[in-house]
């Protein structure tokens, strides 16, 4: 067991902002190590949403009255916050969707419809289903080839394989995770984008996990599209983001049709509104957008430097503690990794492990983590996964490790 | 001016449950007559959402741990509430989307993909853009004919025209509003469904407005699909519902791909989960579903009989009071109508009317109400629209009418 | 419930000239022949305006518009037509920018007497949702200028 | 932070026979020849089971399964194979229904001694998210029965 190092941020002060963390489960304090599935919400976010509904709410973009004006301002100002968060060149490039999954489906439908048979989309073996299935559906619908870049046994992108799959210049889009939700691997996004561009491909990063743990700068990465989801970033469910370069978004047809996304409508011919509205049909998740803005402000106030340092310390501690549990195998050995640790335990299936951990108040996820092809690649049926947030403590990781020792004994 | 009749429900008690209604606007008490755009939320709904995030939250369908189990139960129980609300035969037929617009787009993509060139979709002249544009996109994508049933000058479905457009048996789907958001017209849904079925067509009702004001029974209507949106039914933004008959949903391909909607995933071939999950890709609007359930319970507790009676009284009073305003013309004279009244005022454009009303605290909507083809049919550019909710009072309608008198003078 | 509607303060927005021009615009006409035309759309509320311009050498000889909109947008289009007639494209673009600043902020430090005819619209800055009504004709006019080859 | 893990109460779920059968199932084999086969999938967690049955006249002569899953699902499949062998399809369907009731409610008023071998799974009713682990093999088995023409 390694030394417990002082946390680089005031975890206890942060924990006090998350009311749910003082709940108990089966009579035990909740040790929530499932933040990669969805994070808990700070009071600031909860209050921002409730206050909106209590004090200043109406539909947006439609009313000339005070409530609608103010709510529109609040809703629209989230675009500024998101643009600042990811250093997007323009607020108008921020498109709201309901989650990462919808954002990727939007891209697969809309950008996908501009691709020609014979062109390819290149993903990797370590994608979440959200970044596999939409491209399979595009393949089956439009005759686009789906290519899969391999990963190494350590769980990193196999660079030679990646380059070879770009080599013939037929890849129109690289769609890759920026951080694996199973292995914790950060992919070298700037290098990936450069290679994609050199081969004539555009690149989309699935930042659902990445943006939770580290500052993302889409211009520094030279990305073309970037996607994330609110509920993992300490924000509400029901809202996600697609960022794209204006020139690309501008050339893309809409995905869904309805109110707010039109220029003018006649039965014969309908014209589209400008980006981003073209992609936002219907009443948007208004209260959720307002909550997301508050979540972004909250994350910025804590600061990505502190978050990244904190989570690096947690991950290091977790890897050290878990290494001491007999029969425990950590899945994924990437050099550059975030706060997610998957593992298997000899003699105990991941579900059984998770059930016992839960009995002791420890929430982890077990299963294939919406990454079945990755499981197959790794030669496992399922793993247990502990994932960390800004509120996770080193002590909670000790509870995990100690409990895993008892689980091992239980199944021995 | 007609007599003020006693309201059939205790409006003041109900108003006390909507904190926003005690806000002021430009120093005047808020008179919120824009509920058809989006309704205000009762404390019960706000608290249900905040409490979820404060006490019992995690991602759903994925965790074996307590928080995830309980949150999954809460999320899934909303299906039971919705099924009860609309008397759906099975909870498994309740599909969550982010709003009505997504629900209709889902249908247009998925059910639409089963249609053959030569088949037609039949809508009406009085649809919201949400029930026009998705079908235009299907038409342009797949060579499906789009037919438009006419309305009468009174703003009712032109029955002869409707029947004649069904006559050749090539209509695969009738997609019609159950209540117009501009005219207030209730369409005779059961008769419409019977005629559609007789002609071999399925029928979808856009109940975005209808279900707010009256009890809906999809079995009694003999509907095939029914769509509504949470934020108009005193519920959260970010959640809507598609109900469909199981046999139809079962035969439909998925719309979006991702987590939660799969059976198993391999790069070669992916299989789909069962209905309703097949249509719910990604992390759903969890907190919003829980809020919607509370909204439904709240509406049921007030009772549709009381709501319908209250709104009928409001509408009657509004029509009487507005008839006395010189130069004011009410648009839409349907026999069977709900709590929405559109009008124009001679010598004053609807926007100018709305701005002045707003100065006096009265929130109405002005414009084309996402129904541009209907405006063209009616020969107007725009209208002002007052719409009523369960919390609207007869006194508020008097404020509207009195203020309109002053607006008329202002522009005289 | 008694809720007195006193619209006195609304005269800041609806100044007399705006009421008059909104009701009886002087340039609401379909200019023909013309050198450039463009449409402006505000899909959120249904406003629409088409602006046409005719050039004489390097100045705008005449401007006309067809509008479907409120008093603010019609008056704005009409006053704009006054203001741009006889000016060069460069002057007009400067006017457009100053107008934008004026209606957004309520002030215009750089404005000279050439802006005087447009000043009645200054009240719009307090009505955020009506800004678009005032600026829509200007956007269309800049489009028409572009189409005429002077953009 | 000290959080004692006492798993004594977990023996209700993980009874000895479940631990034993989960680790060393007796019917985990690829039955061939067979009369009916079906797969069960729990996509939420990645469990998968395939059940095969061989009939002898009107009774199930043998059942075998291949499973990828937890102790509960493997033990449930294994105990199921014991319980259904030698029984008619009608009897098996009754067993399946009683099993369903037992694991959902923790009680089975209608259960006779034929259910005794399955009783160790009663603890599952307190672990809602694990119910599917216990019932997945039964769903697959009913599918196999159907495929064999005895459904």
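By written order: A, B, C and D. Residues from 1 in each chain.
FYI, contacts are C-beta pairs under 8 Å (C-beta built on N, C-alpha and C of every residue); 3 or more make two chains touch, one makes a residue touch a chain.
The structure displayed is predicted, hence computed values, not measured ones.
Path length between chain C and chain D in the touching-chain graph (shortest route): 2. Distance between Cα centroids is largest for the pairing of chain B with D.
Note on chain placement: the centre of chain B and the centre of chain C lie 37 Å apart, centres being C-alpha means. Averaged C-alpha coordinates put the centre of chain A at 46 Å from the centre of chain C. Taking each chain's centre as the mean of its C-alpha atoms, chain A lies 32 Å from chain B.
Across the assembly, chain B contributes 62-65, 68, 260, 262, 264, 351, 355, 366-367, 372 as residues in contact with two or more other chains.
Annotation for chain D: residues touching 2 or more other chains are 44-45, 48, 129-130. Judged by the touch criterion defined above, the protein chains form a pattern that is neither an open path, a ring nor a star, and not fully connected either. Listing the residues of chain C that touch chain A in their complex gives 41, 43-45, 48, 128-130. Chain contact summary for the complex, chain D toward chain A: residues 1, 3-5, 7, 9-10, 13-14, 19, 23, 44-48, 68-72, 127, 129-130, 133. Within the complex formed with chain A, the chain B residues making contact are 19-20, 23, 25-26, 30, 32, 34, 37-38, 40-41, 45-47, 49-50, 53-59, 62-68, 98-102, 104-105, 108, 128-130, 132-134, 136-137, 146, 148, 229, 231, 236-239, 254, 256-262, 264-267, 270, 281-288, 351, 354-355, 357-358, 362-367, 370, 372-373, 376.
If you check the complex, the residues on chain B that touch chain C are 28-29, 31, 347-352, 355-356, 359-361, 366-368, 372, 375, 381-382, 393, 395-396, 398-399, 402-403, 406-407, 410-411. Note for the complex: chain B touches chain D at residues 61-65, 68-69, 72-73, 260, 262-264, 273.
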